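Please go over the structures that come below.
After this come two complexes, each holding chain A, first together with chain B and then together with chain C.
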Partner chain A sequence: MVRYDSTSLKLNKLAKYLLLVGVILSVVVGILVFTGSQTVSGLLSEDSATENYVKGILIAAIGSLVTWIISFLIKSYAKLVQDTADIRNGVPVFTGKTVKEKPLLQRMSKYWGFYLMFIPVLIFVLVFHYAPMFGIQYAFYSWKIVGDPVWVGFANFDKLFSQSQFSVSFWNTIEFSVVKLLLNTGLAVVISLLLNEMISLKFKKLSQTIIYLPHFMSWVVTASVFSLMLSPSGNGLINQLLIKMGIIDQGIYFMADKQWWRVWYYIINVWRETGWQTIIFMATLTSIDPGLYEAASIDGAGRWKKMCYVTFPALANTIITVLILNLAKIMNLFESVFVLQNDSVRRSTNVLQTYVYYQTFNSGASADYGYTTAIGLFRSLVGLVLMVICNFASKKVRGRGIM
Partner chain B sequence: MKKLVAMMLALAISLSLIAVSAFADDTIKIVMMVDNTILNQNNGRDAIEARWEELHPGFDLEIIQPDHSAYYDVLQQRIASGDLPDVVLLSSTYYADYAAAGILWDMTEAWENSKTKNSGRFTGDTVFEGLKINGKLYGFAPTRGNGCVTYVKQAWLDAVGMEAPTTYDQYIEMCKAFVEKFGTYAISAAGFVGNEAPFVNYLPEFYQDAYPYFVQQEDGTWVDGFTLDNMKAALQRIQDAVAAGIIDKETLTNKTSDARNKFYDDKFGVFTYWAGTWATNLKTNLEAKNLDGTLVALKPLEGLPPYYDRVPPMWCITAKCANPQAVFDAFIDTMLDGGDTQMLWTYGAEGVHWSKSAGTVLAGTEKEATYEDGQFHMLENLETAGTLYTKNHIDPMLALATFADGYYDPKEDSVKPEAKAASELFNANSRLASIVPATPVLSELNGDLTMIKSEIIADIALGTITVEEGYARFAEEGLELSNEIVESLNAL
Partner chain C sequence: MAKNAPIEYVTPSGVKVTPPAHINKPKSQITVFNIINGIIFVIVCLIILVPIWKVLVDSLDLTAGYGMKLIPTKFGLDGYKSIFTNKSLLQPLWVSVYTTVSGTFLGLLLSTMGAYVLIQWEMPFRTFFANMLLVTMIFSGGMIPSYLVMRAIGLTDNPLGPILLPAINVYNLVLMRNFFEGIPKSLFESADLDGCTPMGAFWRIALPLSKAALASIGLMFAVAYWNDYTNFKLYITDRNLYNFQMKLRDMMQSSDLPEAVGGATENTIRNACVITAILPFMVLYPFLQKYFVKGINIGAVKE
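And then the complex of A and B:
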């Protein structure tokens, strides 16, 4: 019989009431601001009704979110306390084994060195990842650093969605990332399978080293190398090969052509990243039980059959994991696109981050940081949605989430 | 207990002394913020600061010098937090913006009454006229911004038996002769259009009087230069030249280093590049490849406007400065004093960056040189061993005031003749690129508009669309943005 720890029960109650009170309070304050109550809105500012309207919604939403996070943390701690109490009381926890264990704080004090080492990381994360989040408020202002920010509500988002260049950039971000992800993962699997079939260990290692190397080149160097290789002049290796083979009469200016640019963007990405991605698949392949191959051989399976029925199924889970983990990162695309762009293709190849860059540094005046923050916020929201989807997919496929 | 009382007393006395000295001290502190255009901490900046304070008793100079690439980020963070320095160095974009925002001190009157302006040595009146925004001056530039001149390889001219051109027709004939003789393009550059003012400085012979940015006409109204007929004609000239193989079509994807390397590899013979020190760099790099390094710097072709002079970075006093006139007098009005302070800003501190004492520099290297007592020479770089300092903040070839009569000007001995010649040619044949005032509409729309213009210029240059098609695209996608910006500028 489970004995409930009184501290745990209290903490759970506290979390429940805190959530209830916090949400109600946030909504009430939000409504007060929304209706323009002098008491509350006076504390915030003396701006227009529109500002109060948006601020009211934001206060209610952010307040509720913050309360939910605090409540979640308290509940988690309550569970920890309960588990510790259960262990103390001989109730099976986690592993099903009955273990007499010391209280949490005592255990923590035993490993104080690790916790001490963790503090800089924690501070770093809080200062550089969490504190800057307060900057998202500028998405609702027009702010050019000089002077006070001017409240504009959702005007930045209005502008954002009305700009054709923004939608081009958004869809390019999705397209480039997804195609890149599928190509890189697909080819990494194929190369891993091929490498796995190699009999000569020396040749296998040499091949692995060669295909890993491009990953360590910076994108700037990669762009320079490929701009030389793709040159339409007599120095361009690719064009010269095509001319020598009689496929074309004169050099194609690949990087200035909007269609060819995309093709080469994917090729360059595959060249640079696929080799590196094979590492994870090679690791999975080495962990396959050799007994499965022996059993397949006894059953009369050849190399092809073994690959289809033993190797590939063993890789499937890893492939899905890699796809899921990378899907959450698809909004982070900048350097690879930026270094390969030029005036002729820039507008048709912009991704969200390059668009922000040009809005910030190409305006001929100080940029409106409110607008660029709005783009960043939108990008983050899309990223968040993708993360949630990936988390859900991961739970379904792997039995555990990524968050 | 006794110990505690003794410690408390000692602390109290120390604090009192500090407080008294603080109140008694009437030193004016100047907090100055600058990028790496003055020698940094590792290169003896403290010696510069100490020497400046020695030359200006009663002032305490504090130099804040963030990492060069992060300069404007740090500056903007300070502005955002209200912690403005007294003096800042600003590029033209930020200058116009900050002036419009009212955070720069109007130094028009101070400048008119300044010692520098009325010294008789000052040569930058036209430059300073160009720095004014609506008739008001908010910044001081000790130098020109510098710009590009067109260099032609003498060896290529000799090979085709031609003289340096003086008209556009001769120029095109020369280029065609180069293409025919060498089987390669005659001209290459880094981009068909630049991404900052003065946008057209790498292909001035083709752009001529056209300018793809906002320009103020004689009647004071603003127009978008891209919409004018002269721009259409310029783009047609560029398209024709690319089609004829005169201009390297890879100009589109060239970085400046690519263009330079092609020039050093003798891939082309006509290169529009920076005046001054770069004339020497181009020459020595060609010679390093066993090529003839003789270059002819062309004057602007007959009937064509002068070269564009980039807007120089400016020293500005912020509105937060408690005593702007005193700071102007001590810091700005002495920068080109024709004497010790100008020497300090131009060459650095004596004994650290330069010397007149007998000695040997770069001992044990190929560049080892020995100087006699009294002979001016630059000293070895503290950060990069094996190289010598060349200057501090002011480039001696671009300075807007000469040294005072009788004061030794080391420029004559330290500047190479080809660099001096190119610099003098440029200074005599250049005009300042205009400063466009900042408006919220400009800030909001110009990023998109610039991308549209650049794309159209690139596509026309490569011949993928005609000039007419390019302008039809502009009418559809960019004209509205352009008109809104022009309207905002004319409303100022």
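And then the complex of A and C:
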């Protein structure tokens, strides 16, 4: 149904232009700073030695983000006006005149009970999700554990991009998440395909129950189980096994070696998550029309051909969806790395979140809330960009956004 | 009928029908592929179960060196006795229990109430509320600003912190909303005509009709609370307020272990603690598996 209503049209137009102007303005200012215009960058901070391009990009990004949020809120208000106008009249209004409605308060009074019910949710969301967003301002302050925040402009970002620990953590985050995602998804597809071919239903059910199991163990328990398994002492099952088989002479402390640590990180992730990932693929497999297999059999296709030409194309869409949905969240990596780390490999295995944690809570008096907030802001912005890209990709591939 | 004979159906009009080949395949037909497939899954299941089994065995074994054995040689429950007679281990267990129970209850309450409001399509500001929740899924303040807020409102080193913070879970709320959408609108309308208040309709219609969804989402909350480590690590420094996951992590990292009872060695206690941490869900898991699995499919109902 097409709905026209001048108020919402005006508001939508306003939001659109606001977004356009905001983005252009922030990009222009960004470019000015980028090229080193003294007047603009002088306004922001005098003593910061940040490379101008970093400032430029940040200004463009933050400016665009803020205007995007404002225009998003205006649009949702426009939608609200539009919806109510439509419902109140029962028929779509094409005149372009503002629809006369009952006053907002009168309409709201009908729903007072619901507003009352929403208050607790509202409080929780505001306190635990929105209040921290205001804390982002500290990215531009220096705030040691003792004392008050001091405005430093972009100095934190200077420090950030000059620290080797930061870039190590950043690339680790990307590497761990992407490798883990590909391994888990690939193996989950293989396992679902094999599970689907299973003829004994009882054994199939049992296998499914078992492979979902590790997902419900916490990361702490998983890490504990594997640190017991991988122990270099006489009690570590894996080292003992390797010694018995004659592959190694004495136990290796796997988790203290940065190369081995990565290998085991991926193995542990596969052990814990692959089974759970098969659920979504199994759901797709059971929804394939049996007629397709019949037709393929009649055409003389064997098991392998059927898998290639019927099963796999049906799965492809699900695989892409899973990849897109998970790609949007790759910056969230924290607990799995945190509990598997130990002091000897920490520096080479940090991801952004663990880096933030150690910088804030484990570095004594040199901890700086401002600096670590800046890292967090950088992480959130990269995550946001990924979300937008994935949302776009998702709309292209499956016709709807990721939420 | 012979076991391997193809199945035949006779329709009411007397025509014999043989189902299509892939359905009609005799059940006990065993091919080389199927045998290999079966072996693969035996191996997969073993890979998953052996580490857990090994921990279980070691927790029941009282000898000092375990090596490679997968059955206890000197069986004894002393490892578990050490846990359940020691206050420094019982206290974290108790914290885990009350956090899980109260958190699950609170989480369910918030999710269902929020979801119920979000299905009132004609309510002014509904879209605004929905968008407000969605924004939190794509952008967050980050770890440190959250910590600063929690500290400012006095929820650090407070047992309420790890209960309140995870109780608002937008993802679960959206799942619940998708489920509520499936309830026929006419039920709410007739309740309204009969003079039922919104709150009354919530308790008498929405909740009783969504027991399956409540079970699934409740389980998700319960698992999340029982397994919670991050929130305790960030917001709790007082050892008396640690939950069992924190205590377990502590014990795995240090040799500062509680006093052993009987023949329990350090390792026995460590293994026994791991088992205690997973025991509640391992026991319930086979019975509740369908609810666990259903949870992630609730969102797909609409598509």
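As a convention for this text, the second predicted complex is superposed on the first by the 268 of 403 C-alpha atoms of A that agree within 3 Å, B and C clash if a C-alpha of one lies under 4 Å from a C-alpha of the other, contacts with A are read in each partner's own complex, and residues count from 1 in each chain.
Everything that follows uses one rule, which is that contacts are C-beta pairs under 8 Å (C-beta built on N, C-alpha and C of every residue); 3 or more make two chains touch, one makes a residue touch a chain.
Keep in mind that what you see is a predicted model, and the values were worked out from it rather than measured.
Chemist: Who does A:Y138 touch here: chain B (first), chain C (second), both, or neither?
Modeler: second
Chemist: Who does A:M108 touch here: chain B (first), chain C (second), both, or neither?
Modeler: second
Chemist: Can you tell me whether chain B or chain C touches more residues on chain A?
Modeler: C
Chemist: Answer with first, second, both or neither: which of chain B and chain C does A:R379 touch in the superposed model?
Modeler: After superposition on chain A, A:R379 lies in contact with chain C alone.
Chemist: Now for A:S227: first (chain B), second (chain C), both, or neither, which partner does it touch?
Modeler: In the superposition, A:S227 touches chain B and chain C alike.
Chemist: Classify the contacts of A:L9 with the two partner chains as first (chain B alone), second (chain C alone), both, or neither.
Modeler: Touch status of A:L9: no partner.
Chemist: Figure out whether A:C308 sits in contact with chain B (first) or chain C (second), or with both, or with neither.
Modeler: Neither chain B nor chain C is touched by A:C308.
Chemist: If I apply the document's touch criterion, which positions on chain A are contacted by chain B in one structure and by chain C in the other?
Modeler: 227, 342, 360
Chemist: Chain B touches which residues of chain A in the complex?
Modeler: Contacts found on chain A: 142, 144-147, 159, 163-165, 227, 231-233, 253, 255-256, 342-344, 346-347, 350, 358-360, 362-368, 371.
Chemist: For the complex, which residues does chain C have touching chain A?
Modeler: Contacts found on chain C: 20-23, 27, 29-30, 33-34, 37-38, 40-41, 44-45, 47-52, 54-55, 58, 65-68, 109-110, 113-114, 116-117, 120-129, 131-149, 153, 164-165, 167-168, 170, 173-174, 197-199, 202, 223, 226-230, 233-234, 245-246, 248-249, 252-253, 267, 270-271, 273-274, 277-278, 281-282, 285-286, 289, 292-293, 296-297, 300.
Chemist: Okay, in this complex, where on chain A does chain C touch?
Modeler: 69, 72-73, 76-77, 79-80, 83-84, 87, 104, 107-108, 111, 113-118, 120-122, 124-125, 127-136, 138, 191, 194-195, 197-200, 203, 206-207, 209-214, 216-221, 223-229, 234-235, 237, 240-241, 244, 271, 275, 279-280, 283, 290, 293-294, 297, 303, 334-335, 338-339, 342, 353, 356-357, 360, 369, 372-373, 376-377, 379-380, 383-384, 387, 403
Chemist: In the complex of these two chains, what residues of chain B are touching chain A?
Modeler: 76, 79-80, 93-94, 96-98, 101, 103, 191-193, 195, 213, 248-250, 252-253, 258, 436, 438-440, 442-444, 446-448, 450-452, 454-455, 457-459, 462, 464, 477
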